[in-house]
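The data blocks that follow each hold one structure.
Heads up, the next two complexes both have chain A, just with different partners, chain B and then chain C.
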Partner chain A sequence: MYGDLANKLILEAKRTQQLNHKQKHAQLPMYHEDLIRNIIKEVTQLKKNTDFLKDQQEQLQNQEGNDNGLDENVLKCQYFVTLLCMERNKRCLLAYQKLRCDMLDSLAWSNSNSSIMELESNDLSHQEQEYLKEYGELITDLKSGEWADIDLSGSLTPPSDVFIDVRVLKDAGEIQTEYGVFNLIKDSQFFVRQSDVERLIQQGYLQKI
Partner chain B sequence: MDIDIEDILAELDRDTTAVDESLPSHDEIPSESNTTSHTLLNNSLETGLNNDKNGKRITTTVATDNNLRIVSPELSFKQLMTCWRNERCAPELLPFPHELMKRMMSRIQEQMEYIENISMGFLENDHTHYSDHSPQDRNKLATDDDPVATRMNSNHDSKLPLLCMEAEIERVKFVIRSFIRCRLSKIDKFSLYLRQLKEDDTNIISLDEILSREELEYHERHFLISLKLLNDSVLKYMPTELQAINDTEGSVNMIEEPDWNKFVFIHVVGPPDGNLEKDSSLTTNEFNKYCYSVTIPELKEDVELTINSIYVMRYEVIRDLLKAGKVELI
Partner chain C sequence: MSLPKHLQETFSPEEIQFIVENEPIKIFPRITTRQRINHRDHNNNNKGHNDTSRRNWKLITTKDFPLNNMVAMQTTTVTLWIALLLKQQSKCSIIAPDWLTIRSLDQSIQYEKKHEDRFSKLPWNWLVLAQLLFGKAPDDFHDPVHELRNRIQDLREIRQLKVLKGLKYLNESHLQLDNLSVLEINELRPFIIDIMDKLRELHSAAHGESNANEADDEEDFNFS
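== the complex of A and B ==
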């Protein structure tokens, strides 16, 4: 039946959502291009049907006199159901797209310029890549505006310690931060101010102890 | 015979100390003359805390309806915390606290500069930063800044105040960051609804009041790019009658409104100025306690909200009380 394909898409969306729930930095699964294309094909088909139905209705109206009341009702019903099918498909497609949209948003907030985004860009549709880029720009603009003093994309866990111990997870050589230079040698430990290394923890170089 | 002289004593107390009741007494409270002169100078409604020449902190005053309210940094932080909590718990987007945020932002900037200046004082031995300054210059700089800085200068090894200031500023920044992020996520969620508000002329509250300038811009731009995405990937292929993104006629309403009936925890704090008698919506119940009485329209049930107690209540019911600051969400 019509709408079954869309149902499949929604199940996919649900799975993505659950996947996202479990791990923090869940990857966005591949964009279901084929399925979506099929649904859109179905919509085009339905659209043709409605056009056909409309034509028929006009014909019926033209040949007056006959007792076509029954036929007219049947046509109306058919037209309405087709419309509902299309609406259903639209809803499913939008829901799927919106979910991906939201995930892209959170991705853009969590690490706006790290490598994960490039890794994933194969899985995104062309439009999504464009969207992600534009949204990234929007965030950058927002951060450099009035609220520049507050690093908006910074950590959302309240700062409980001023100084923390961190362990270096990845060799990164000498890294320049705003506040000074660190020599990140693998498996070394530092006792540093939290605000200095927050960025590096987010990017996965350091681990908080 | 007992003569009650409480009120006379209260009058006496007010005279000598001139302390606002809501504030604990400490050096941040200016004397009365100081306040008025400052008001005249500052033309009120100006940004927050300044350090005057004596190094004493002055609190600015804000004129609301001709009565002066003292705004100390402490009080505005309290207000910020309330705003933050309310925003996090409320289902709808609350109006943006324009004045408060302006004050907080300028204060953060000042404090950050201040910390920077103090920590410069610590770099006494490090001449790389200061090669063009003579030591006298540096000392003068510190003295001009603030007496605290000089005190710190004479006593380098005590870094505790500096540490506290930094920790403090981190905390304030966290609260503001969390506040704004929370609002932004709500803006994303109610994007279409807010747009509808904007187009609707009969609306009582304007969008400029709900959102700040940055948020307005964010809303606009994010709406446009997500609309573009949805248009290109889905809506383009739909028949013309189904191409609208904000369709309210269909079987499902596409504009998501805030869930007005969401249950929220509230703490009834009473009128913001603490004056129970003046509040006309307050009544006393049979136990002689002050309470607000509200009605839940669907159940046709009246509820008494006694002051200083906690309830779980529908948001719609307490919305007006929340706007007036008489209850807080927790």
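== the complex of A and C ==
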């Protein structure tokens, strides 16, 4: 049947959704290029059918006379069902793409620019890579505009402690932040202001709040 | 999306705590910040010294007057998050609210047991506040903390039972939950709202025609 390929795609989308339900960091599986190409092929096939049906209807109308009421009804039905099939395929394609876009968005917000490039770029379709880049640019636009005082992509957990203990997880040598210099030697501990190190915690250099 | 999935329709417990931390609370300061009015500061030198040593609190989300007027061991009311910060440095002790004593907690427990059909009148933030104060200011209570903890736990369990009973009455139109605290509501929110949404959907699908008619009537009324 016509909708079956699209159904397979949706199942795939569902699986991705569940995969990311458990993990905190979004992980996108490969873009299903073959499947999508097949679905689009199916849609073009359907389009051809409608063209054919249209031609037939015109022929019928030209014949005039005779009792072609029945044939006309049959044609109408065929036309309508073909349309529904196309509609169905479109919906499935859009749902799949929207899910991936949502995940790309959250990626772009959560740890912008640094880790995206290395992780995902080969799993994304060409257009998605483009989209991700442009969305990232939109975010930086927003952040550098009117609300530059607030770090919009910063942590969403409300601050409850001013000073915290952090332990260094990865050796990173001397790191310059906006507020000063840290010498990040593995397994050393610092007692620092939380707002200074939030970024480093996000990037995985520091641990523990 | 810009907001992670788990925050999209409810608050996280941290956010609830953040909201509660904006409430006023009474403290005993252990420092004095009120400036002494010097009747005779005849020498300029002294005055200059005073100016440099004086550092006023300047806050934009809460009143800074009580903070600049603290006198040691005189109660004042400040915002909870400031109180907790001062407490961390042992510059104040926090006065537990009236309801957080063994006596009044016992009364609440009695009330809960006597009235099966309602929740007792605890403040909307009782659970969060109790947790915060037990964690950060356990030495400021007059009653032993473990007793208070017990009472709070009892209350929580009794109320949870009542909540479970109340869930039987989920319906498509409304629910009344007087005196349910913010944390208790927050942990129920995703569940209750989902179920009620589904019920409402089913209901309105079944009675869709009547609704449509009503809408039509209203429209007619508006036009005429």
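Heads up, the rule we're going with is that the second predicted complex is superposed on the first by the 206 of 209 C-alpha atoms of A that agree within 3 Å, B and C clash if a C-alpha of one lies under 4 Å from a C-alpha of the other, contacts with A are read in each partner's own complex, and residues count from 1 in each chain.
Following the convention adopted for this analysis, a contact is a pair of C-beta atoms (placed from the backbone, for glycine too) under 8 Å apart; a residue touches a chain by one contact, two chains touch by 3 or more.
Computed from a predicted model, the values in this text were never measured in an experiment.
Colleague: Check the residue A:E87 against both partner chains and state whether it touches chain B (first), chain C (second), both, or neither.
Modeller: A:E87: touches chain B, not chain C.
Colleague: If you stack the two complexes on chain A, which partner ends up touching A:L184: first (chain B), second (chain C), both, or neither?
Modeller: A:L184 sits against neither chain B nor chain C.
Colleague: Report for A:A6: first if it touches chain B alone, second if chain C alone, otherwise both or neither.
Modeller: neither
Colleague: Looking at A:V162 after the superposition, I want to know if it touches chain B, chain C, both of them or none. Which is it: first, second, both, neither?
Modeller: Touch status of A:V162: both partners.
Colleague: Which of the two partners, first being chain B and second being chain C, lies in contact with A:D105: first, second, both, or neither?
Modeller: both
Colleague: Which partner, chain B or chain C, is in contact with more residues of chain A?
Modeller: Answer, by number of touched residues of chain A: B.
Colleague: List the residues of chain A that touch chain B in one complex and chain C in the other.
Modeller: After superposing on chain A, chain A residues 102, 105, 109, 156, 158, 162 contact both chain B and chain C.
Colleague: Mind pulling up the chain A residues that touch chain C in the complex?
Modeller: 102, 105-106, 109-110, 156-158, 160, 162
Colleague: Can you list the residues on chain A that touch chain B in the complex?
Modeller: Result: residues 36, 40, 43-44, 47, 50, 83-84, 86-87, 90-91, 93-94, 97-98, 101-102, 105, 109, 125, 127-128, 130-131, 134-135, 138, 142, 145-147, 149-152, 154-156, 158-159, 162, 193-195 of chain A touch chain B.
Colleague: Sort out for me which residues of chain B touch chain A in the complex.
Modeller: Contacts found on chain B: 105, 108-109, 112, 163, 166-167, 170-171, 173-174, 176-178, 180-181, 188, 212-214, 218, 221-222, 225-226, 228-230, 232-235, 237-239, 241-242, 250-252.
Colleague: What does chain C use to touch chain A in their complex?
Modeller: 1-5, 7, 12, 14-15, 17-18, 21, 85
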